[in-house]
Amino acid sequence: MAKEGRYKKGMDTLKEMISEDTLQAISGMKDISPDFWEMIVGFGYGEVYSREGMSLAEREIVTLTTLITQGAFGQLEFHLRAARKVGLTEAQIIEIIIQCAAYVGFPKATQAMQLAGKVFEETR
Amino acid sequence: MAKEGRYKKGMDTLKEMISEDTLQAISGMKDISPDFWEMIVGFGYGEVYSREGMSLAEREIVTLTTLITQGAFGQLEFHLRAARKVGLTEAQIIEIIIQCAAYVGFPKATQAMQLAGKVFEETR
Amino acid sequence: MAKEGRYKKGMDTLKEMISEDTLQAISGMKDISPDFWEMIVGFGYGEVYSREGMSLAEREIVTLTTLITQGAFGQLEFHLRAARKVGLTEAQIIEIIIQCAAYVGFPKATQAMQLAGKVFEETR
Amino acid sequence: MAKEGRYKKGMDTLKEMISEDTLQAISGMKDISPDFWEMIVGFGYGEVYSREGMSLAEREIVTLTTLITQGAFGQLEFHLRAARKVGLTEAQIIEIIIQCAAYVGFPKATQAMQLAGKVFEETR
Amino acid sequence: MAKEGRYKKGMDTLKEMISEDTLQAISGMKDISPDFWEMIVGFGYGEVYSREGMSLAEREIVTLTTLITQGAFGQLEFHLRAARKVGLTEAQIIEIIIQCAAYVGFPKATQAMQLAGKVFEETR
Amino acid sequence: MAKEGRYKKGMDTLKEMISEDTLQAISGMKDISPDFWEMIVGFGYGEVYSREGMSLAEREIVTLTTLITQGAFGQLEFHLRAARKVGLTEAQIIEIIIQCAAYVGFPKATQAMQLAGKVFEETR
């Protein structure tokens, strides 16, 4: 697929996952590095997220887990919202964090749970 | 639930996830620290894995992802086998690793894919 | 031990380690996930911290070290205060951070030392 | 080399890398732990950074990469400024972050790029 | 660029970096997941490594540093060889590892230095 | 202190911590990089481990914890032996690993416990 094709596919996938406002906010990246922005949209969302074989909800199980494990809390809030939008329930997100607790320890799980609580409140 | 109850529940869950031989092998932990073994089985499998709200297959999506992210390849083979046993297909496991690649980088994803290839071969 | 027993034991241990105010603050977790709160108190403080064989001060050497190593600075302030309360001196905490520097590198050690300086000031 | 020698050498190296104001700001560490401050300046800048065999600009490629990889964003802004001061261009820093994306995943690379954008703006 | 284009570009870049034998060995990945292999070659080497703005030698400074920092020793040997092939000297690689020591701690630096010693011996 | 002084102090500290055979084995590092070897002995053992304010046994609590947390199992066996030699009992080491389990998750704690079991057996 040519680069324009994957960029369009990436934007379509992103629009299923986040609100118009959030999309606006993150696309500020374009001004810092247009190439990097193209990679995020085109490779990340166009080539990876849009693959068949796993639903967006299942992909967000992977994403939330890896962000919690690496302590990437700066990106976690974005994906907690995306996870809700593509269909994970609050209860499922809590289960993911509890399952993580046994595998990454309580400190990261606790920080994730606090962030989840904040996002749940705002999206109810 | 009393400790005996959760230990039994943990053993029941473990038996759904791994073969009798593997169970035999890992229970050598009992000789090093009986308390730690009780925690793994009773807390890990009795209180966490056996919770409702997520299937064992969904829990293994979390587990595989966190192990790949932390580079815990020593434990990954065990859970690649468990993931197959509780119902994840080879194609689903490959999707999990590809989704991880974008989030943890190619080195860890590559090592995970090699290990997956080895386990697939042995369990076909 | 039944779950109620370990929860009570966990609360008793927590009260030795932190102030009433802090306990109040962190128990907000109960509203997000009562099950996760029970795990933190019951498993974390009731089954792990309250074990014999290591004093609370020695356990805090482990806790501070692991939080610094994983860069979990969101939780480090809480445990710097707890460490002081269960008997580690300012000098001992500084030694722990210096020992960490050689093992985790200067960036994480520096961030820990800054946080320690802030906590020392507030608890003098 | 005696300790005084390496401290002086470290201060000289630091002055090539950061502004007088920043030096003033970070030397507050002296009040928390004079020994740790001596180690940072004397060992870190006096024995490591001041070695021959790699330029300060090349050393900052290493430093930026390791900080991005370990998610040590608290220290990254300091070294983004240092990197610019010792001669890395904006374009080179962007290349480092893009190269990192493939090796540490997009979440950490994205956070680094946002911070770089902020530093570029302030140092233009 | 269409996918065939980036794959070819990736293979060309890879051939500059590693021997024919090593290329043969790693392309076994094709049998486990052709899609993942295409991503490694096409995205990793075709879109990232082959970018202008940084030489292959400078890119290997980034790669070695990130692999040491994340403890990805399974992939480090591969890139120590590649680093030598694209022009980094033994002395430069040693400097990278020493610079890393101050940032990631001695344990990972020590393991990297041992591996470097082994690779140096074999490539002399 | 001049560099010769700290090197001698480092060697004296190392001899308290490890056997003559092990010292012989690790000093092979000298042939790869004499400078790096001097840093390990002179800075690591001469300036850090030999500081007052914490006993060698307490320092090994820090070291074991950080190695388990970062998954640096390649270096853990060395320090499990050193920990035993400077006075930590088998029971204390088991307590450290159990305390770690709650903070870093079960996979790393399990791998550490297996290694501890092996070292205990060999040093009885």
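The first chain written gets the first letter, and so on, giving A, B, C, D, E and F; residue counts start at 1 in each chain.
Criterion: contacts are C-beta pairs under 8 Å (C-beta built on N, C-alpha and C of every residue); 3 or more make two chains touch, one makes a residue touch a chain.
The chain lineup, named per UniProt: A, B, C, D, E, F = Carboxymuconolactone decarboxylase family protein.
None of these values were measured; they are calculated from a predicted model.
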Where chain C and chain E overlap in contact partners, by chain label: A, B, D, F
Neighbouring chains common to chain B and chain C, by label: A, D, E, F
Remotest chain, chain B as reference, centres from CA atoms: D
Relative to chain A, chain with the most remote C-alpha centre: F
Rounded Å distance, chain C centre to chain F centre (Cα mean): 24
Inter-centroid spacing, chain F versus chain B (mean Cα positions, whole Å): 30
Shared-contact residues (touching 2 or more other chains) in chain E: 35, 39, 43-44, 51, 66-67, 70-71, 94, 98, 101-107
Touch-based graph of the chains, sorted into line, ring, star, complete or other: complete
Residues of chain D touching chain B in the complex: 101-107
Chain F-facing residues of chain E, complex: 71, 73, 94, 97-98, 101, 105-111, 113-114, 116-117, 120
List of chain C residues in touch with chain F within their complex: 43-44, 48-49, 51, 53-54, 58-59, 61-63, 65-70, 91-92, 94-96, 98-104
Partner chain F, residues of chain B touching it in the complex: 28-29, 31-33, 35-36, 39-40, 44, 66-67, 70-72, 74-75
Of all residues in chain C, those that touch chain B in their complex: 1-3, 35, 39, 43, 47, 51
